[in-house]
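Chain nomenclature is as follows: A, B, C and D, assigned in order of appearance, with residue numbering initiated at 1 for each chain independently.
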Amino acid sequence: MLATVVPVEDLAARIPDGATVALPPDYGYCALGAVHALIRRGARRLRLLGVPAIGFQGDMLIGAGCVETVETAAMTLSEYGLCPRFTAAVKAGTITVVDSTCPAIHAALQAAEKAIPFIPLRGLIGSDILARREDWKVIDNPFAPGDPVVLLPALCPDVALFHAPMADRFGNVWVGVRREQMLMAHAAASTFVTVERIVDGNLMDDERTKAGTIPGLYVTALAEAERGAWPMGIPGGYEPDQAHLARYAELARTEEGFAAWLEATVMTRPAAAE
Amino acid sequence: MGPRPEEVLITAIAGMLEGLGHIAVGASSPIPGAAALLARERSAGTTRVSILGSERNNFFTDGGKELFDCAGQGRIDAFFLSGAQIDGAANVNLVSIGDPDRPKARFPGSFGSGYLYFVVPRVILFRLEHTPRTLVERVDFISAPGFSEDGVYRPGGPHKLITDRCLFDVDRDRRRFRLESVHPGHTLDEIVEQTGFDFDIPPGGVPETPVPDDDTLEVIRTRVAGQIAEIYPDFAARVFATPTH
Amino acid sequence: MLATVVPVEDLAARIPDGATVALPPDYGYCALGAVHALIRRGARRLRLLGVPAIGFQGDMLIGAGCVETVETAAMTLSEYGLCPRFTAAVKAGTITVVDSTCPAIHAALQAAEKAIPFIPLRGLIGSDILARREDWKVIDNPFAPGDPVVLLPALCPDVALFHAPMADRFGNVWVGVRREQMLMAHAAASTFVTVERIVDGNLMDDERTKAGTIPGLYVTALAEAERGAWPMGIPGGYEPDQAHLARYAELARTEEGFAAWLEATVMTRPAAAE
Amino acid sequence: MGPRPEEVLITAIAGMLEGLGHIAVGASSPIPGAAALLARERSAGTTRVSILGSERNNFFTDGGKELFDCAGQGRIDAFFLSGAQIDGAANVNLVSIGDPDRPKARFPGSFGSGYLYFVVPRVILFRLEHTPRTLVERVDFISAPGFSEDGVYRPGGPHKLITDRCLFDVDRDRRRFRLESVHPGHTLDEIVEQTGFDFDIPPGGVPETPVPDDDTLEVIRTRVAGQIAEIYPDFAARVFATPTH
């Protein structure tokens, strides 16, 4: 079965306002080109889900006013410091943060992947993460009374959005060891992927590439976007654009600086890859 | 050249890791990373080190969940946690200062602390800024609690707290820190003044944190420095003056 | 860290009597050479766990008197029919069968992998599988009362035993898309693997092989065993020895026939690979 | 040459699969497999077929659990189940005859039936031996129940039952089978006699199961036969006389 292949702008247009959008961390494969297209189309009320943390792409979406809530284990620009637009929005109360922890996000996505209504997780008891989560429950372990266990409801994102080094015409997407992207694709109702290139042949035909491939079955639509992670890099591909990222971190400290960055980098281009 | 402060810390931490089978180090942790690599160098091939963010020292092939699953299985013996605040009951805050809904300061978030602190037997708390602002009486947000009620599944927990001024041991029974040693160039008075929480001071006096001997320094500056430069080139260049690899 | 590499007989010697041993189905990578060595060493009271089904290797172990219980979704020789020694043992009451279903075995192993005490699973309600499992529980979904949900306790095998095409000297084992072997290795306390060959270099160095590799961290000991799956085959390697398998299925119909097969095939060889 | 009995079954089953997005077929199921491939041929590229045990038609890359997870997610529209016994309430027995602890006959086991029957919307029951021994009033062991109590999560269930003699529809409200058509060469009396359970017979009479038209036969004997030969060479050689590929 052939994949649905569309331009990056069309991919972004398929992500509706109000959607819960699962995103990888900066060290994963981030579909920045599609994120910029989402900003250009004026996406609103997005509910971001960090799998398990979010960096630049989340800060950009928040700064551009696209975001209503963020559920994540962390928001960070790593060596570039705190996320400035995120921090400003939290202090101003213009977004809601749902604090989580990495294994809770992975586990709750696995619950969605397995189509089970909830999944237990150790830890958490006594933390303010748990204290502030009305959607999580603590029960007494039915197999060993006297043992309190946290239950997390399944986390079913409307959309998973990420980048990858390659896909084939059947929509099979190679992510290698970045299996959190596979988990996102299994758990999400729709999965949108930008790829460096669409290759000939079938990635499932070679047992070695097959082992790191998300089957096209889970991929709603693909866009070809060379350097589609820019200004982030992709592991084994190209390096992050350190100069640009440093400039972003600097400019985004103020609303005016962010607006200038946005205008110069995002709004005036049809797609980051072009 | 004598030992630098970072090298004292690296050596002290490596001492806490001796004989362990598997040490994991989170992102952005050059000193713990170097300490883990030093422990590995000394282990004669019996210690594994997983460094998140390192291509060469990352064994995981099952996605982002594997580190946590692996720790839950009891296959990770030591891990490091830091905190914007750490309090006298070993609670860690990585989230915010003030009301979390309208915070005075907002930090990245809890990462995996709310889980790993419970399941890794030796969690080493590490905070380079030792002031009353960071080592507080009571954290504003508990990302991960230092201790748990009876009955709560908790094979792991705090093992030591190391700062730029001193090293604390953990008294798990009394759920308090106890000063173990003071780093060279620092004093007990300074530590009492700069620590926002109450802690125990052993009656017999507190020793100075041992400095690395020449052999250890040699290993740190050659083999460890070379490996850490792959992951933290800026740190390696600044501390060890390593050439770019 | 270097792997522990031992001869096949030594590998089998490390699997103690009474151990719960997780085994792959015939279409996976079966360590028949090691299974034969287990029979030679006179293993007793093994508790087999099919992940999720077992074929020839289980029938051989049962016929040789090594087995006390079998927990599995199925015991089958596929196109060669029913498992004759299994069927005879069940009818004679000399082994205990704990009937399960494929997704329950996968889910319960995932619970062990995640170190969670239990995991929910849909389905099962109203089946005699559930009715006969005193170790499973049905609770009311704490998130949606009136919705009964089955909970399975984590399944933590003492041993995972399987074959693979290759490993490196660091104990990294390549299984490609056979990720149920990875799940077994994560879930089991000890993992023993036979491999066609131990290769030079590090399987983790190439992103393509890394994606299908079990890290040495989970591998207790390795044995090199060329054609170590024989008389089974390995996908992408060699074909099953159809003539031998057909002969087994025929001989094993009687105790005498099985004894003759055992003597000729297993007892008189130091290891199947030699 | 006119249609063979297998070709009538393949065509009838393919009719149940029309327009579906994803059909999965278990191991050792050549007729359902061929039917799924026929449905795919007719779908103009909108139907996926996953055949377990086929290298070329297996999309899964996440281990043995993925088929079940995928079905649970609602991404599999149709699946096939058989049974050593199937009863009038659509219960399926894949385990044993008699007391399961000391059975008179023991079969392989339930495989994934105890789950897939609950979550796949169209489960097609398939049993080539239509006798009172296989189609029974009440199965000796319920591997998977035909219907569930109210409140039990059950998006899936039985869609049709097809045998070597006839096709039954499922009345989900009355939880019974209803005879839909009789295969060419078989009679209503024979079916009543050979069925161990009670079922409904529509008052207006029961039609004959349609035979494939020439175009369909052509597709079955060329494109479908060629593909099925990869997975079930013996079946393809016997039914379609395909050369070995």
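The rule is short, and it goes like this: contacts are C-beta pairs under 8 Å (C-beta built on N, C-alpha and C of every residue); 3 or more make two chains touch, one makes a residue touch a chain.
Just so it is clear, the structure is predicted and the values come from calculations on it, not from any experiment.
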| item | value |
| --- | --- |
| Shared chain contacts [chain B and chain C, defined touch] | A |
| Pair exhibiting more inter-chain C-beta contacts, A-B or A-D | A-B |
| Where chain A and chain B are represented by their mean Cα positions, the distance between them in whole Å | 29 |
| Separation of mean Cα positions, chain C and chain A [Å, integer] | 37 |
| Interchain centroid distance [CA atoms averaged], chain B/chain D, Å | 59 |
| Computed distance of Cα centres, chain D from chain A, in Å | 40 |
| Residue list for chain C, restricted to those that touch at least two other chains | 107, 110, 114-116, 121-122, 147, 149, 177, 179, 182, 210-212, 235 |
| Residues of chain B touching at least two other chains | 60-62, 65, 69, 72, 119 |
| Topology of the chain contact graph, where touching chains are joined (line, ring, star, complete, other) | other |
| Pairs of chains, among all present, that meet the touch criterion | A-B, A-C, A-D, B-C, C-D |
| Touch list for chain D against partner chain A, complex | 22, 45-48, 59-62, 65, 69-70, 72-75, 119 |
| Residues of chain C touching chain B in the complex | 1-2, 112-116, 182, 186, 204, 210-218 |
| Chain C-touching residues of chain A, taken from the complex the two chains share | 107, 110, 114-122, 137, 139, 141-144, 147, 149, 151, 153, 176-177, 179, 207-212, 235-236 |
| Residues of chain B defined as touching chain A within the complex | 27-28, 53, 55, 60-65, 68-69, 72, 94-96, 100-103, 106-119, 141-145, 148-149, 151-153 |
| In the complex, chain A residues that touch chain B | 27, 51-53, 72-76, 78-79, 82-83, 86-87, 90-91, 93, 97, 99-104, 106-107, 110, 121-132, 146-149, 177-180, 182-183, 235 |
